[in-house]
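Presented sequentially are two complexes of subunit A, the first with subunit B as partner and the second with subunit C.
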Partner chain A sequence: MRYIFPLITLFIIVYFLWQGLAKDPSLLPSPLINQAVPEFSANDLLKKSTRLRKKIFLQHWTLLVVWSSWCVTCSKEQSFLLSLQKHHIITIYGLNYRDDLRHAQLWLRQQGNPFQKIIFDPQGMLAIDLGVYGVPESYLIDPQGIIRYKQIGLLTANVWTQQMAILINQSNKILNHTYEG
Partner chain B sequence: MLYSKKFLILFSLSGILGFIIFFSPLALSESSELYVFNSTQKKSQFEEIIHEMRCLVCQNQNLADSNALLAKDLRLMIYRRIRNGESTYQIRNYLISRYGDFITFRPPFSHLTYYLWLSPFILLLIIFFIFLLKMKKFNNDL
Partner chain C sequence: MAFSYALLLGAFFLALLQCGIPLASLYYQRLKWLKWVKPLSWSQFILVALAIISLAYVFLGNDFSFAYVAQNSNSNLPWFYRVCAVWGGHEGSILLWVFILNLWTVAVIVLELSMELALLARVVAVLGFISAGFLLFLLTLSDPFSLATQSVMDGRDLNPLLQDPGLIIHPPLLYMGYVGFSVSFAFAVAALLSGRFDKQWASWMRPWTLAAWCFLTWGIVSGSWWAYRVLGWGGWWFWDPVENASLLPWLAGTALIHSLLVVEKQELLKTWVILLAILTFALSLIGTFIVRSGILISVHAFAVDPWRGVFMLCLLVVLIGTALCIYAFKIQNLKRPIVHVSFFSRTALLIMNNILLSVVIFTVLLGTLYPLIIEVLGFGKLSVGAPYFNIVFTPFAILLLFFMGLSYLIPWKQNVCADVFKKIINILLSSFSLSFVLIILFSKEMQWQVLIGLGLALWIIINTLQLLIASFKKKLSLKNIFKTQGAMLIAHLGVAILAIGIILSSYYSLERNVRMSIGDNVSLAGYHFKLLQVYALQGQNYTGAVANIQVNHQSNHFLRPQLRYYPITDVMISKPAIAMGVWRDLYVSLAEPVGKQTWTLRFYYKPFVRWIWMGGLCMILGGLWAILSRHNKRNKY
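Now for the complex of A and B:
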């Protein structure tokens, strides 16, 4: 009987420590979910003369992918992004993070370009505004310019179908419903 | 002569070598990132912020100690904001709005963290009650 209390305490401590073991510390919840994309003004990597602003995210769902030519993991998601683009599933924009212009262009020529527009952010200052802390990262942005989902690390087909596509379908359903009603 | 000339030369050479080795870390320390402020108050403000903000890449280092790219960018951004006259409070709020409470080593008291802040006092209360119970039993036994 006298061991019950210490045992319970032990189990509580073990439970919390155990939970901590299973968590991936690099997966941090972003406070920007359900917040609007911040205002910005940046060059387009593909067309030097154009300035890109926040309004490019309006009117359609967008997948914003943060990438760099020096990022090894980035080339692993490239084939998936290309297939998304090929089937016109969603508008894909890139955010080129802390990169050299020439290296980035060469990388696109070698790996293929799924991006319609690429925000060029050589100093990583816009990335801070978006709460980026590594490459690759992907943001799902709705037609009102609101960030709905953030994927840290590799964007796989699984993440797309199980997280992002579901969000898009849900909001489309709500829209259709209001139109019918 | 007590010491030979050869010994003296060797001795002074080793002294110089020791001097170089001892101070070489200073030569290697980050000199590309010297931030110049127009007041000591702003400099101490900068130091204060980068010491209490976490680097999100190497999570147990603060921004001052980390060499990660993101930490460098964040230091530059904090520097620019201080130069623009922003307060520590404003800068901290901005960083939290972008990276969440996790970025500060001193998380604010909120509905998510009240458990964290209050748990020592709750524990103390529990211990106090156990102590009272034991005392009562002890007195009854007497």
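Now for the complex of A and C:
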């Protein structure tokens, strides 16, 4: 009978490894969750003359997507972002991270542009303030300019419906409730 | 490339046959079928070899239409790094895994001539089963030959941290070790299936275990040597999950070599040895799993698709689960003689070694998986760092060193007489007083940790000398001693050297972090360093700066640490300059520019650090010696 113990031990270890697989180690709690977007001033990638500031995030929910033309995974979430934009589900801004201006513009022409505005951050300065971990990465920002959710890695339809959309709905409900009250 | 994929597919079916035919032929008693075993293994080996060669070929030809090549290479990469990029990513390293498994299989059928085919067939069948599992993984979820979805002009380059000569050999060596334990595993499972596990079987199994152990030791030593030279912090072991993943099978393998000796001499511990062989391979698989699934965050982290983790976990369950099921049902069939083990005998010491190593394995495994367990149980996130491992490891290391020295004085079977106790106390006292005197002579401060560690290392060294002198007195020739005890003497001496290196370099290292402008001086541990110039640097796929530092005024001794920037992957890497020496290393790394002509530099003085790797090499020599002396003995039969 005691010779079955190794088998049981194996299954205990496998159970933890299995559960660990489901937990994404990249889901680091960001220190910036529920904090305001830091102040910044940066160029627009497409319109050279305009300066973008923190106030572009106010008055509406925003999805801020960090991307680069050299990032291979970034193109995988592009079709989902385009469909979000097409159905006017949310305002999407891009943060072009450590990139070359011409490469980035060429990439947008090839992959399509779901972004209303794109912050151009060639030195990665704003990215440092935001605590960007790698590309792609997406931030959900509420109408008060407060970061509510951070997705490290690919933004999929699943993440959108199960995390971000729910957050938006809940917040809107609470808001409506307070207005009615 | 459809052709290479077909090679792998062919190898997969051959692996299935290699597993199925021997088992079927033994079950149905059709021994004629056994003649197919060797040709099957050979042809599988050839197909896998062709596949890995063709992958190397597309890397050399810069064919970026392959997704794997585009992700791990670049046309500016020097050609030898392009070859090494074959195992620079996930798919290629699994292919390397399979290739090495086939290499071991072929080695077994070529070298294991003294075994009858019917016995060998079961071993080869188990190896075929493992190979089929990994080939299926290659074919479904990690195809190295899949084409890129979009065409790219140039590849994304090999991770700059991996662009180092140390890393050329490190992964293959590590895999030789990991995969080599599959041979011990196959022998153990075959022993269970046949119901035969005796002295003879253990003597077949031991050289293979030793060979795998030597490779793994070499792999770990080269990995630590790489970390020391490349990571720029002067550290050589970080208790990183990936490092632990290689240490765990090493510890289990060490226990296995020692306990196989007991089986060979006295036919004791049989059920334990079988379990240990399975455990060693299981830890190798878990090691591969941890590295390749990205389940634990580490400096070596590889981001991967979650299905791969699921597949590897299933493979672990199928391989180890099957083995443990067979173990549970068949282990009673093994004949076990009832032998009384006397309390003070070498056998008892070897059992002690196994208990201690098992406890160490458990604590390291627990520490490595603890963050995961806590997270799964919902208690939040945490990480277990070096302090935990240092604290739990040290007492066991002390006990292991003590028992290791004791083993020189105690004979195999019979109880010891009072004479030996006197000897033990004498040698113990003299080694600790020698340690005390040495510390007083060479250092200002007396630390009790150093006293104990150095004392125990000397305890082993003095015991070695004592044994040699005693044998001289008995007029035994040196050749004879080395034939019978050489392996143990060399390997254990290696452990003593390693221990000295670890203790002295961790307690007496000095470091300074300084900002320097051109012409500035700094002194550390009696050495003077002067920053003469900083030049620009241009490599094949990087740019950077190199500092020219003069050591001790007016000497011709210069150190040139570099700071490299790899534009394709956008990574900065500091390449330290090291003045090596038997007694100390001087280690300088160029950290970052602070302003115009001003730089941050890190200086380290590391006494005896080289002894760590020398000890490791000595242990490998001991292992090799054990294999060779076994080989000679066998020819005599």
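In this section, the second predicted complex is superposed on the first by the 155 of 181 C-alpha atoms of A that agree within 3 Å, B and C clash if a C-alpha of one lies under 4 Å from a C-alpha of the other, contacts with A are read in each partner's own complex, and residues count from 1 in each chain.
Note that contacts are C-beta pairs under 8 Å (C-beta built on N, C-alpha and C of every residue); 3 or more make two chains touch, one makes a residue touch a chain.
Everything quoted here is computed from the prediction, not taken from an experiment.
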First, second, both or neither for A:Ile4, with subunit B first and subunit C second: second
Touched partner set for A:Arg98, first subunit B, second subunit C, both or neither: both
Subunit B versus subunit C as contact partner of A:Met125, first or second or both or neither: first
Partner, of subunit C and subunit B, that touches more residues belonging to subunit A: C
First (subunit B), second (subunit C), both or neither touched by A:Phe16: second
Where subunit A meets both subunit C and subunit B, residue numbers: 25-26, 28-29, 98
Complex contacts: residues of subunit A adjacent to subunit B: 25-26, 28-32, 98, 123-125, 127-134
Sites on subunit B touched by subunit A in the complex: 56-57, 59, 69-70, 73-74, 76-77, 96-100, 102
Residues of subunit A touching subunit C in the complex: 3-4, 6-7, 10-11, 13-14, 16-21, 23, 25-26, 28-29, 70, 72, 75, 98, 153
List of subunit C residues in touch with subunit A within their complex: 71, 150, 156, 271, 275, 278-279, 282, 286, 289, 293-297, 303, 306, 309-310, 313, 316-317, 320-321, 324-325, 327-328, 331-332, 369, 372-373, 375-376, 381, 570
